[in-house]
Each structure stands twice: as structure tokens, then as C-alpha cells.
């Protein structure tokens, strides 16, 4: 009997096992897989530039064989603007953490949307600042304990940011969605979102944005199983999955 | 009957157990006594006979440790 | 001879950039440099070049980071508070070894200060105002023509050293009009920007490029494959030392026989020159070292002259910044004096250091 | 101030924002470009006050122009008479202080300079547009200073307003009125 | 016959005629009147601190007899956060320009909303950066000529920012509205919006926000009459007046 | 004697602030100072004090601006890139004459550099990294106890001078634990903060207060009713000169008979002291000037010692920043050497300047 | 019959004409030959008889130059 | 290293992140506070690598502790044997290198230091929790160095784990096992 490969290492993944640093059960590499696979399916690998300013996502820079950039925290959005404006024929994906996009990068985020910048931003939402030790992020859920909300997030610290809903109100935005990979079905749906977002860039419509709810077992002090459950039972109810904007023209 | 098989790379596996959780056919399990060279629990393909080669264990694996093969008639 | 225009300094920045083959400008309005931003908004899009009005100066400098990573010639411009906001990004550009040009049109500070001229960003510009101890060349033109020419030079030096270069003027030089001859300056050939990101299919060697703001992850020429942070420090240090040796720029004026040497740059250098001419007519032996770059700084000529005995007078429109460098050069070998912002002729923010004030200070010191 | 003798001319135009001060100065400085090796125009205005004090410096010279700022100038055109005392001090000995007469109710103390009081506003209103008064004053200046040949200034004036025929004609005749006025005053 | 004063100089206006610098027909002082009158009606003058970082609105600092602050462009939002957190019993109004709030301050804006800061922000939208000479702002209308969009704003420069609509999606926001004073009726409606916004602060509900479309004859190179017409015929259709959020509790 | 704890330097910052009566902290996480932010998040709310996690360091410093305007004691903390982002705001605080404390835990740079220790923000911190030429006191503790004490001192000095004060440590001092005695230091009484905004009804005189980042619009004590920009400059200049005269802080160690004087601060001063002890045992006459404040800088003692002949060795974990100040002091009167970051023992960002390296340099220079 | 009257302060008026535009009773006009001390055209209360003391001219005046009084029976 | 003689003790604990290295060192340093005038704990870990090299320095002394960094220490506890060669260099003459034996397949070259190879991992697994191995090694160190009286360390250990009784008991007995082991090795 012949064997045919159904799924394995993403094609665009460069082998650096020594440098694959994500914690066991971390879903960062899951969204990376989705992105790499869609890039592959769209055949744009050769003209892709990946930009990552999400902290725990720096593995992306290490594991891709595509052109890549690793600017500082909070700068991946503006940096992507600079790259895309100079290389309009290139395919630009910028990864940000939730702290990255919803906190320090929020001004860049809103204005990239307002200027209708023609690239795709992926926000990996693990509900806190993982890299720096698990502090509150704007996305942190009510009641969630972090190192800067030791008693849990209360209303005095505000409410969880809903970035796709917010940016969907901005005219320059062509696509906005929230996905997760808590189930295989949601994995596949998220992949569809990512593909649509990329297509908006290829069609030069406007800014495209996908938020990804990402389990962070280490930062949450949970087993991987508990972390997936948390995504399902806590995050998704507060931050519902789905598409919030999908237009083919901005006028 | 098995429609395919999977190969788990012990260099990559970090023992998170997602493959176990998500395999619809319960073909994968973490065996208490098996460890990767880096000391993580290692998952194993324990019930190959039911594998449908659906690919789920592979794409849900954060560490890209699983290859799924489908048997094709020649 | 190229076309001759009558333009203000802020516009000369644009013309200089155009003649340097600048591909993109990104900036945010701030007085007194708005004419620069507006010049690019008007002139660049119609030439198929990129103009981005950013959402802030943090935005400007990070968009510059992205744009410079593609190997194109890019620049921004700002003043005062905007310069403050760019400090983090300046450091990242230095870390990533990304060539670009920043034109800094100084205004009065601190804080929002005034929207008029000043020479109060000297230390910030020369000392790496942001985190982590980087260095950048700071060119200081004193006329509209020199502004135009130094912008071209700045692009060349940025590419040569893979480092941001600052062209520092002030609100007065920026608002002032003089004839400008549009000309292309000749520079040595530069290597290909082989390190730039362009998409892998656009690299002849088929190998990816990586640009970071953290440390040398870039296994691409001319970036060495750093094995650690120390390697990055070594590379930067060596580059900074080379710049210090090679990029000192100044002009001397009648210093050989001088009993008093004025050190100045930009508008105060021009004011001082007029006073020197007047003083010379009266037989007072005054000369000047006019700085065309303030980093690297020409410590050697200062030390050399100081050991010969003449006194030094620093004329700068600040509370005393350039004087720190002069002090390093003078090494206590001779007297040093400051004619600073407190000598402005008018209590409003329109106050300036006038030729008369410099002349009076010369008299005070020499008579 | 005859070019062939001094090779340098300078003047300050002062008044309030909106009085056409900056434009008038720039016109002269641009015109001077074809005649002098160097030419310089420096505006200065109070940034936080609309309609506040505004002035510009114009210098043309065959030698290098060092200081872009003048402590004193050969001529000062003052469009805002209340500032008379201030600008009296900014004229070099032997120079001219050309003042708008509407609203002028003082006179200068210095004997070493000449003050020319010009009813430019009234003249402009008579011509149909008060905004032409700055051109009249410019004409007066050129009439007494002779730092740039009239045709060269007129050429620049025509160039600058090439797209606005009415404005061009207005300004041109205002400028000429100013020249005439200068000759009257000088006489 | 006795005479009774119906309307005149706003009560809280300090007399500084020499320093009243707005151009003829500028509507900045109109929104100031509204704010002053409402403060007066609510009787909170003595505990009010006005913060102004809108450029052409610095007159506010000069003309009020209340405590006031004039931080730099873009900072009035964060500065208001600092003041209100330390003085929770004070009444804090922060004025921003459209450049101020929608460009440089957008990150502060979104995050003040996300943190549910308990003060009121008034954004004076004159469609461009007036103080610095009339450059494009995120709010600039399509086709509008500014000194940095000399051919008019085109889609390559993005689309007009709609701040009240956007911030209304943020959970920490209690109130969001857009008003104008192109007619006496709209003046009165805007006053109602401002009063509601202030009430949210007094009730400690959450962040409150009012955008005010403000005629800028000088910056727009128009007569005052033309500028009011522009507000009516160009701005309001693109940026509709109304309330976008009004809640009494954030949960 | 107060309670004794065993805490890391980053926590000592919090304890020091608490003992100084600090009312509010606002900050944004960044390594290696996260424990400070977390300390405040844990300890302040439960004491009814204010903790705000800002959205960025630009946010932090502007929230500090607002909070400090109310007359309360407030602080923030940061490192590297966050410090870069604060530069604009630092300048506004100086302009507005607002007292506050910034703790700067240095990491390696430039750019994002490393998340570990470094001493690479010296010039930025001492030269007013942002726009417009302001000055701020920079205290440089070298132990956990001194960190705690200097934070208290910083609050006092900030209020005394109406100026931001920086407490500058580094990742190593921040992560290191030592015993800490909680104690309240005594300082001279301070005047009421009559200038603070609080709502008009809360001012005894019924007159409004105004705080700006632009210039003296504040007709309230102690701010003079400035008539123009020049007045502001004069006031600031005078204040800066007073600080220069009054706030010099350093410790000497065996310099009287020294043939070699080490100048250092923070962790490298401690490392150097150990090497000096070893060298002294071998009869080598080495001493040290340990800087407890780096602005204002003790130029005088340096100049005085330099004229007596001993050579100078600057030990700092950077490419050479502190050495600029030492150079100003030394005035070319004696030899000067740098043992800098390139002497780190390890190519990774864990590299440090070890006692052995300092000792070897002492040998090299003295044997 | 006039229900009230208005007073225009020539120190404040800047001649924008909003009072003219918005007075529902056309009571105010800019008169070509009247100027404020600062040189702006000055608006005037030209048809007092129709004034309803509605206050519009005052609150729509950006420069706070108008006071509106209502007549009240004693 | 008897306190009464030297008045100072120092050690380095080295291994990989997650091996309890930092905690072990901090426990000792805290315990030392009541006995020595000065005590210092300095962690060091590769920030960008989870589970990467990690070490901490512990110093206690009645004199001032100057350098917080040690070029060499009296004792090194090495939990990660592959780093043996590196840490062989970090022990002062006459000092101890205490190494985990599981995975150790080299030996040291220096004659002037003593290497103690301890099967701490195996011992800990036998005790039911591999995570206790660090306490065993700590016990070995104290057994040979005698820098802090055992009761003081145990008191601190009890204090630290006061809220987790099971962990406390585990660690306490591991620590005692280490002490015993030290005496065996010393014998």
C-alpha cells in the first residue's frame, strides 16, 4: 500500500528544533501553522514578509524560511505599514500579541485601519502579557488573576478589549474576525478566516485583521487540557468567535 | 480497518496531550513510562487499527510532532 | 549649475531628499517644520514616491523602521516634542542597523516649550537620547544650500554606515529663505543593500533576510551571524569608532592668530561670523570653529587650539549643551565662556541671539 | 543705498499678521536673486497669537550674508504705527523708517535717520482694496533705497501673480504709486 | 419694564479679551460655552479641572476661572486619567482636537475606554490640524483639501475616522455621541449630549465621550457662512449626529 | 530598627516608595523591572493607594503628569525601550515643574537589546534624553537598602525642586536580593504644594491653579508670573544651577594615597570594590569614587584628584558613557581608561563585568 | 412688539455674522460701515421691534459678544 | 567553611530553568540573614530560553558583600551535569563541586577541588517526587560547608512551605537525606 502525507510539519517551517521554545501545549505554533499553510496554499511564500512583535511569538522569526522582521513590542503594526508602503507587491503579515495590539499598539492599530493600510494583522490573544511574566492585558477576562491583578480583574481595571468588534467600525477595514483552535472545527474555521483576510490583502481592499484566542498553559498556570477548557469556557463566551466585517470595497 | 497511520517525532513532542484529546478515534495516548529525550512525556500511536488519517492530531499538535499518512490503493 | 530656487530651509530638506533619490517620507506635523511635511505631501505622490502622514511621531519612526528595512531611502522630520517621542525608535533603528535620515528642526524647550527656534536638542541628538547607548551622525547645516546638500550627504552616510543620520537645523534656518541651487552631489559608490527584506524570491541567493530591533539574528551580509549580544556590541562599537575617526566635519574661520575662538553651529554660527567680522575690523583677533557635524565632534582641533592659549566662547541658543563637548576638548587648558539662550534679545519666544550680543560679549572678553 | 557702492541692502518689514508683510518681503528677496549673489528672507511671527506682531528681514548682498538676523537695518517699513518707538531703534544711522500714517500719532526722536510717513492705507482704499497698502510701502522703500532696479521687481511681481490678473494689476499699480510717493517725499 | 438676562457671557468665563484668540466665526468657543454652562447648571464648578490638549482650544485655559491644565498635543487623555485617579471626587473634562484624539491620542483614547476611566472627553473636530497650518487629520473628509492632501483626500489616505461609533463598541464606555452647532437646534441637542456625558461621570459609570463638529473658517479658507454650510452639507452626512452609546451600567 | 526583609532590588523600590508616602504608581510591564510593577499592583490597592497599569510607557509618563499635577507623590518605573518612550513626557514634566520619581532599571541596548542588566542609559538619563534641554537628578544606588533609601530621597528631592528625579539601577541590582531594613528617613520640611490643581473650591485663596507643559502660564506660587519664554528659561536655569551646587553625591574609598582611582556606580562599583580590596592586599594603591548621583556630577573631586596625578579607570557596563563625565572632570590632567561592556565575561546577554576582569585591568595598568 | 432686546459688545464682536444668520426674526445685521475697534465688521441690532428674546443670537455667537434681555412685567 | 573562622560563605547553584535552583539559593540566603550581617542572592537566567541555563549566586558574610557576582565560589552545586567543564573553573581552590550524578559521564581535571557526585535525582524519585532533588543537593552542600547551622535552615524551610504541608515534609526530609549523604561522602 502506498502512503500519502496528509499533515505534518508545515511546509514553510524551517527546522530549528533547538530554538523551538514554546511551552508544551502553547497554541502560538498553531496559529503559525494556519498562517504558513494559507500562505502556501495562496502560493505567495516568495514575496511574503512576516513581521512579529508579539513577545511569545518570536519563534515565528526563528522558524520561518521567509523574510522576517522582529521589531520591538508594540511596533509591528507601524513597521508593517512601512514595509507594505515601500513594497506594495509583497505580501505582509504582522503578528501581534494582545498586549502588543490592544495596549501599546492600540493607536497604531486604529490608525492603520483608518488609513486602510493594505496588509494583514494577526493578534494572538492569550489574555495577558505572557513574555514578561503574566501581567494584565486589556484583553484579560473579568476575574482573571494575573501578576498585576492578583485578586482577579475587577471593574476598576476596566473590561476586556474586543478588538475585532471595535476595528470593524472603522471604514478602512476590509475584514475582521475572531478565531480559536479549541476544537478541530474551530481550527478549520479560523483557517478560513485567515484565508479571507489574506485574500483582502491580495485584492488590495483594505486592512484585514484576525484575532486568535490562544491557550497559554504556562502563563495561566494550568495543564494544557485545563488551558483549552479555559479558552472554551471562559474566553469564547466573553469574546465570541466569528466574522465582524467582510467587505469587498470600502466605500 | 486502519485508513492510515501516524508518526510521532520524539524530538518535537512535548507531551501536551492534545493529540490524545482531539483524536476522534482515540488512537493516541500518553504512556506514563515513555519520555522524549528532553524529558517530556511522549505520546504514542496506541490504536492504529482505528485511525482514519483525518489529520486532526497533526494539525492540533502545537509542536508539529505528528505526521499523518493516508493509505492509498495502488 | 542646477536650477536656482528661492526656498526656505524646510523646503530645501525636501529638495535635498529628492536629489538624494529618497523614495519615501513619513511624518507628523509639528511647528516649526510643517513646511517639510507639506513639501513631501505635495511633491512626492505626484512623482510616484511614498508619502505617509503618520498618526504620531512614534508612528513616524516605526514606519521609517519598516520602510528602511526594505532597503529604500527613507526619511522623516520633526521638532521638539516629536523628537522626544522618536527616541525609542531611534534606538531600534540603531540596533537594526537601518539607514535612514531624520531632519530635526529644533525649537525652544523643554516640554512643548515654544514653536519657534532654539538650539536645545544638542545633547539629546548627540548622546543618543533614547535607551541603550547608540550613536548617530548629526549634521548641522547653516544655510539653505547647506541644508539641501547635507540631506544628500546624510543619505549617503546612512547607507555607508547602516545607521540613522540626523540633519539638525532650527526654526530659524527652517523658516528662512535663500537661493538654492539644485545639484546632485557626488559620493563614493555604495554596496548593494543585500540585507534588505524584499520577499525571498527577490534575493539572488534564495536565502531569507531578517531584520530585528533586538540583536543580530541576521545571518545576512554585512551583518555577521552574531553568536550573542556581545558580538552585536562589538560590531556597533567598531562602527561608532570608525565614524568618530572619519566623519568629523567643521570649518575654521580666522583661528590661526585668534585670541578668542568662538565655537558654534547653525544660526548662531552665522550670527557669530558677522560679529567676528566687525570685531576684526576693530583689530580684535577673533576666530571661529563652525561645526558642520556635532557628532562626531572635533575634539582634536579644540584641544589643539586650546593648548595654544586663546580663550573660547561658545555661542548657542540653549542653557549650555554644546559647551559640554567644548569643555571636553578644551581640557581646562584655557578659559571658556558661554553666550547662551539667556542672552536672547527679547523675552518672548521670538528672542534670538543677535550679532550685537555676540559683539558685546567679544568686547567684554577682549577689551 | 546704491548697489554699485554698497553691494548690500537690508530692510525690516514689521507690522501685524495678515498685513501682507511676509509676502512683500519675500517678493523683494526673490527679485533680488537675479541681481545679487546672495539674498535672504527671514520671517518672524508670534506663533500663538493670530494677528499678533509679525516681521520679516530681507537682505541682499554680493558678499556672503552671515547673520540672518539684523539688530538694525538700513530701512524699516512699519505697517503698524503703534510700534514706532520700538522700530525707531532698529534703523541704522542714515537709514529710513517708512511708516504707515493711518494711526500714527507720534514722531521719532532720532535725528540720524529719516522718517517717511506714508498714507498707504488711504491710498489703497482709494485704489479699491486696502490690502494693496503693503505694495505701496514697498514702492516707497524701493523709491528711496534703489536697491533693486524697478523692472526686476515688477517682473517678479508679474510672475508671482501671473495666475491672478486682477491682483497682479492692483499690486503693480500700488507698487508704482509707492514709487511716485517716494519721489514726492524725497523731493 | 424690568429686564432679565436671557443669555450673555457664559458665567464661568473669565474676561481676558486680549487673549481671546479664536478667529472670527470659529466654533471652538461655542463648545466651550456649552461645557461651561452645563458645569454651571450641575453646580460642579468648584471641583472641576479642565484639561485641554486641543491645539486651537488653548483659549479654554486662558478664559476659564476654574483649575486648568494645558498638556502637550495628544496627552490630554492620559493626563486626565492621572488627575481623575488621584482626585476621584473632582470633575474632570478633557478637551481634545480631532488630531489629538484620533491620531496621536488614539491609543490613549481606546485604552481610557477599555479601562473605563471615569471622566469626560470632548473631541473638537474641525476636520484637520488647525493650529499647525491645516494638515490632514484622520477625520478629514474624502476629497477635502488640506496642506498635506493638496489634491484632496483620496482613498490612498484612508477614510474619515468615526470616533464615537468606534468607542461605543468598548465595554468601559458609558456614553458616546456626536453633536454640532450648525443650527440652534443642534446647539441645544449637543448641550443635552454634553449634560448626559457629564452625568455619567458624576454617577461614576464609565468613560464618556462627545465629539463636536466645529466650523473652522480660517483653516478651511472660507467665510464663516461657508464654513457652517460645510459642516451641514459635508461633515454631518459623513459623520452623522446622534448618540451611539448610553448605558447606566457597564456589565 | 525597622522590620528586616529579604527582598530583591525591584521590590525595595516599592518599599521605599511606600515609606516615602507615595500615593500612586502607574506603569507598564517590562523586563527586568516587572517585579516593581507587580509589587505595586499587589501592595497599593489594598492600602487604598492608586495603581494604574497604563497602556504603554507614553501612557505611564503622561498619567504621571496628570497625577503629579494634583500634588500627590507619584512614580513610575521602566527599563530600556520603555525609557525611550518616556523621553517626550520627561521633558514635559520638567517644563511643568512637576515633582515625581521614575525608577529606571537599566538593561542592555540599544534597541530592544536584551532583557538583562546593563549600564547603557547613563547619557540618556543625565543629558535629558528628550527634547529641549531639561535636567533631572539621577540617583544611583548600589544595594537593596540604598535603593530603598534613595527612592525616599528621590521623593524628597522631587518635591524640593519641583522636578522629576530618577532612581537608576540595573537588571542585576533589580533582581538581586539582600536584607532590607524598612526605615523612614528624615528630611527637612517641605512647603505646601500650593500650586497643585484640586478644583478651585479646594484652594484657600479661591484662585484657580494652572499646570502646563508649554510655559509658565502659572500665576501661582512658587511659579512666577512669567512674562515670556525667557522667564521660564531663567527660572529653570537657576533651579538647575542650585541642584548642581547642592545635590552632588558620591562616596570615596581609599583615594587619598591612590595611584589609580576607579570611578563607577551601581553594580560595577561593587564589583570594583572587591577588586580594589584584593589589589590593596597586594600593595597596589587603588581607590574608588563611587557615584551615588550621576547628575549632578561631582566634577570637582575628579578634577582635584586628577591634578594630584593618579590615573583613572572608569568601570561601566556600556560602550563608554560615564567616561564622558569623567573626561570633563579629568581635564586631560592624567591618564584615563575604560573597562566597559566589551570586557563582559560571556558573549550572551548574561555577560557581566567580573571582579577578576577589573583586577586584571588594575594589574595591567599598575604592574 | 419687542419681547426683549440685545446688546452687542463691540469689544468682543468679530463680525462673523452668525447672529445675523441665525436670528429667526432677522433682527440683527452687519452694517458695512460699522467696525469694531479691532477693525472687524460690527453687527447691529437693526430691528428691535421683532426681537423675541429667544437668546439664539447670543448662544450661537462664538465670541460671546451678545447679551439678550427679556422684558418682564413688573 | 566554618563561619567562626571565615565569616563568609559563598556558593553558586547552576542548572537549567525549572530545576528549583533559584528557590534553593534564596532559601539559604534568607536563612543566613539571622546569622550573618550580610546576605545576598543573585539569580541569572537566559531570558529568551525557557528551561535554558540558569544559575544563582548566594553569599553570606559578616563583612560587607562587595561584588554581587562571583568569578569563583567556595562551592558550586551543579544540577545539570553536561555543564561540568564550565563549572569546574568556577570553584575556588580547596572548594567543592557538588554534581548531580544522573547524566554525569565525565570527571574533573583539577586536583585542588573536591568533586562530590550525588545521585540526588534517583534519591528524590525514590522519595516520590523528582522535584525534591534540589533540596538533597542543598543538604549535601550544608553538610560539607557547614556555613549555616542546620536548625536555622530547617526553620526557614518550614516557614517558606508553611502553607503547603506535603511539600514542606518532602523538602525537609530531602534536605536531611542530603545532609546524611554529605556525611557519607565526607567519610
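Lettered A, B, C, D, E, F, G and H in written order, each chain numbered from 1.
Just so we're on the same page, a contact is a pair of C-beta atoms (placed from the backbone, for glycine too) under 8 Å apart; a residue touches a chain by one contact, two chains touch by 3 or more.
Keep in mind that what you see is a predicted model, and the values were worked out from it rather than measured.
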As a test of understanding: of all chains, whose mean C-alpha position lies farthest from that of chain F? G
When A-C is set beside E-G, which has more C-beta pairs in contact? A-C
What's the distance between the Cα centroids of chain A and chain B, rounded to whole Å? 26
Please compute the C-alpha centroid of chain B, do the same for chain E, then give the distance between them in whole Å. 59
Distance-wise, how many Å sit between the C-alpha centres of chain A and chain F, to the nearest whole number? 38
Out of chain E, which residues touch more than one other chain, so two or more? 23, 72, 103-104, 106-108, 110-111, 114-115, 138, 157
Can you list the chain F residues in contact with two or more other chains? 31, 55-56, 58, 81, 88-89, 92, 96, 111-112, 114, 212-214, 348-349
Which residues belonging to chain G are in contact with no fewer than two other chains? none
How about chain A: which of its residues touch chain C in the complex? 45-49, 51, 61-62, 64-72, 75, 78-87, 90-91, 107-108, 110-111, 114-115
In the complex, chain G residues that touch chain E: 4-5, 11-12, 14-18, 21-22, 40, 53-56, 58-60, 62-64, 66-74
Over in the complex, which chain C residues touch chain F? Could you list them? 58, 79-85, 87-96, 107-114, 118, 120-124, 127-134, 212-215, 227-231, 233-234, 236-237, 240, 303, 318-319, 321, 324, 327-328, 331-333, 341-342, 344, 346-349, 351
If you look only at chain A, which of its residues touch chain F in the complex? 72-74, 103-104, 106, 129, 131-133, 135-136, 138, 147-151, 156-157
Residues of chain E touching chain G in the complex: 1-10, 13, 17, 20, 22-30, 33, 181, 183-184, 187, 217, 224-225, 228
